[in-house]
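What follows is a single structure, and I will ask about it in a moment.
As written, the chain order gives the labels A, B and C, with residue 1 at the start of each chain.
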Amino acid sequence: MKWEHKTGRDLDNKQKAAAVSVVVLLGFGLGFGAAHLLEGYIAYWDIVSGPFLLSLRVTLAAGAIAGTTGVASGYVLAKGRFPGRDVLETIGSLPIILPPTVVGYYLLEVLSPGTRAGGFLTRVTGHVFVYNASGCVIAAAVAAYPFCLRAARTAIEGVDPLLEQAARTMGLPNWRVALQVTLPLARRGIAAGLTIGCARALGEYGATLMVGGDINGKTRTLSLAVLDSFTTPERDTMLLILVLMAVIAMTGIGLLGRSRA
Amino acid sequence: MTGLVPHSWLNWLGIPPWVWDPLSVSLHAAFEATIVVAIVGSALGFLLAKGRFLGRDAIETVLSLPMAFPPTVVGWYLLTQMGGPGPIRNAEVRLFGHPLTFTFNGIVIAQIIESFPYCLRFSRTAIAGVDPRFEQAARAMGLSRWRTALLVTLPLARRGLVAGVAMAFGRALGDFGATMIVAGSVPMATTMPIALYNAVFYGSHEQAMVLALVQLAVAFAILLGVSRLGKVRPW
Amino acid sequence: MTPALELAVARRIGEFDLDVAFTVESGISVLFGPSGAGKSLTLALIAGLMRPDAGTIAINGQVVTDCARRTYVTTQKRRIGMVFQDGLLLPHRSALDNVALAVRQASGRQARRAIARSWLERVGAERFADRRPGSLSGGQRQRVALARGLAGEPALVLLDEPLSALGSDVRQELRKLIRGVIMSSGVPAVLVTHDAAEAEELGDVIIAYDHGRVTGTRLVERPECPERPQGAPESTGPV
């Protein structure tokens, strides 16, 4: 069995998270600073901030939803012994190549208060899920889900079953084996899937457009706003923010590559 | 493309023109895009898998950017570079006689950019996953690098390579944001995803249902085929 | 006195066919034989990591496997401890945490860690209690694995070739440690090895295995049956 040789200087997870946050904040700070120096593009902040903050909230929420459901279903698919696991994974993977407008269409069918399913949902929860931020979150979460699912399944399948057996001989019940052994050992793959899922959620366009409605101020995420600003002066600021976000996503995809090795 | 199959046949089969037109545009564009992507993507995937040069991962990350960017940005860049003044537009005019925005070829290029990362990553994983001992045996038998690659590596990696091409094709078929921006809503260049959006936007419920179902079936078929090809996992 | 282990099982895997029966009263019983004779498979069956095709297993009088009555107690409910050839310590936790996770009889993190720490002292590993397995040598890891196997106060401890992956000089020192700590803890043990010298040094009873069958049982003469002095030999070297 190969042990990772960690030296005393290896960072633990908390320190790594802190380092990443610092880098991200620095990146944003430098980016905006550069924009300001470059010619006061930051003057358009009032126009840009709305979509930017909305995208930030939507992506984080969608990432959380897709992450938890993805890990849970990935665990079931990895450990389960029932037939049709691969078919289920295929269904869950549909949003990867399904046209975003198809996703949007079916989401509207299920969530719109005008339909049977959507009407029922709205009556039961007292909340409307279309043409507001919730709709954007749902659309983005659906886009991110398959990446989280597949990465989680692969990572969990890759955990040495001997370690799980050893944990069982220690007397740990199955749920503790999952939480304290399997998932921590799979954390790299899961994190990589989460990052690419968030990148995907950030860039979601078609489904968000249909379910959210591109309402200025309420559901106009950054990816929608970029298009609307194409002919206006604030497009360069939009561009800058997008590039920053893409850089963060890039780092995530880069991590993805390394965790595959 | 609509000239390929006579309308009388379509009517007999029960396929209305508002399905067949965007479907044929989508298929045609995706087909052309996938041919380019398959060749270039597999070749680059091979280089990335086998090469020993610095910055391999960085190159793959850069080429994978379209997965992270909103497709509208990709389309936007294509629009400005192909339509606005600049070296690319000049090259286009020289090569094609006119800029490619709002045309079919523009759509193809948008789809190439969007689907390229999928083929690239699948091929790299597939080729890197070939047991090096097979290649070593081939070299020991005296086969040159070229012949080893062609006769040993590629055939052994074929499942992953096919999966990559299939995913790229599916992605090209399913592209919406980039295609829409590059093509506008010119009827000649309406793809299936755009047609569905129009149907929903203009309230043609029946049409929307059919268009969505067709695309769902196609995507499902592609994914099922890819999963049958086995466990090639670039993510 | 209830035997620590009563076992009579049969299991077939492909071409290999295991059919064994024996009891363990107390002390260390060694399953000795060449590789592939079915010794590790037997341990897996005792631990509940695999199921036999037929037979029964009882630990401390409690039936944990009974194929005829379809009784089967899960691994975590059998009060066993296990020491693996590769240690199999959780790589993302410290040595202390690894042992603490195995402690069942105390609740509360402080109590569990205190018990874990005392076990680490007994195996001479308290120096690296806070280090991760990845930074430990093979011998150090097996010390921690031994502590982990015993910390849960099991009714039976199973050791699967615990020293086979180590260098010979390390093996000598750890043999004394294993014998000493297990005897002083009073937990009956079943140990698997293919090394004859190890079997002689560690076992009170040697059960010979060959091709999936028990070919003989032998008591080992121990003149004084001394308990090794309290406190394991301190590791002074890289072990």
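Criterion: a contact is a pair of C-beta atoms (placed from the backbone, for glycine too) under 8 Å apart; a residue touches a chain by one contact, two chains touch by 3 or more.
Quick caveat: nothing in here was measured; it's all calculated off a predicted structure.
Participant: Measuring from CA centroids, which chain ends up nearest the centre of the complete protein set?
Facilitator: Chain nearest the overall C-alpha centroid, as shown: A.
Participant: Which chain pair shows the largest tally of C-beta contacts?
Facilitator: Highest contact count belongs to chains A-B.
Participant: On a C-alpha centroid basis, what's the spacing between subunit B and subunit C, in Å?
Facilitator: Inter-chain centre distance comes to 57 Å.
Participant: Report the inter-chain centroid distance for subunit A and subunit C in whole angstrom, where each centroid is the mean of the CA atoms.
Facilitator: From the centre of subunit A to the centre of subunit C is 45 Å.
Participant: Measuring from the mean C-alpha position of subunit A to the mean C-alpha position of subunit B, what distance in angstrom results?
Facilitator: 23
Participant: For subunit A, what residues touch not just one other chain but two or more?
Facilitator: In subunit A, no residue touches at least two other chains, as defined above.
Participant: Could you check subunit B for residues that touch two or more other chains and list them?
Facilitator: none
Participant: Subunit C: which residues touch two or more other chains?
Facilitator: There are none in subunit C.
Participant: Subunit A touches which residues of subunit C in the complex?
Facilitator: Touch list, subunit C to subunit A: 47-49, 74-76, 79-82, 84, 86, 88-92, 101-102, 104, 132-135, 148, 152, 158.
Participant: Which bits of subunit A are touching subunit B when the two form their complex?
Facilitator: Touching subunit B: residues 86-87, 89-91, 93-94, 96-102, 104-106, 108, 147, 150-151, 154, 192-193, 196, 199-200, 202-206, 209-210, 222-224, 226-227, 230, 239, 242, 246, 249-250, 252-254, 256-258, 260 of subunit A.
Participant: Touching subunit C in the complex: which residues of subunit A?
Facilitator: 1, 3-8, 162-163, 165-174, 180-181, 184-185
Participant: Flag every residue of subunit B that touches subunit A in the complex, lowest number first.
Facilitator: Touching subunit A: residues 57-58, 60-62, 64-65, 67-73, 76, 79, 125, 167, 170-171, 173-177, 181, 192-194, 196-197, 200, 208, 212, 215-216, 219-220, 222-224, 227, 233-235 of subunit B.
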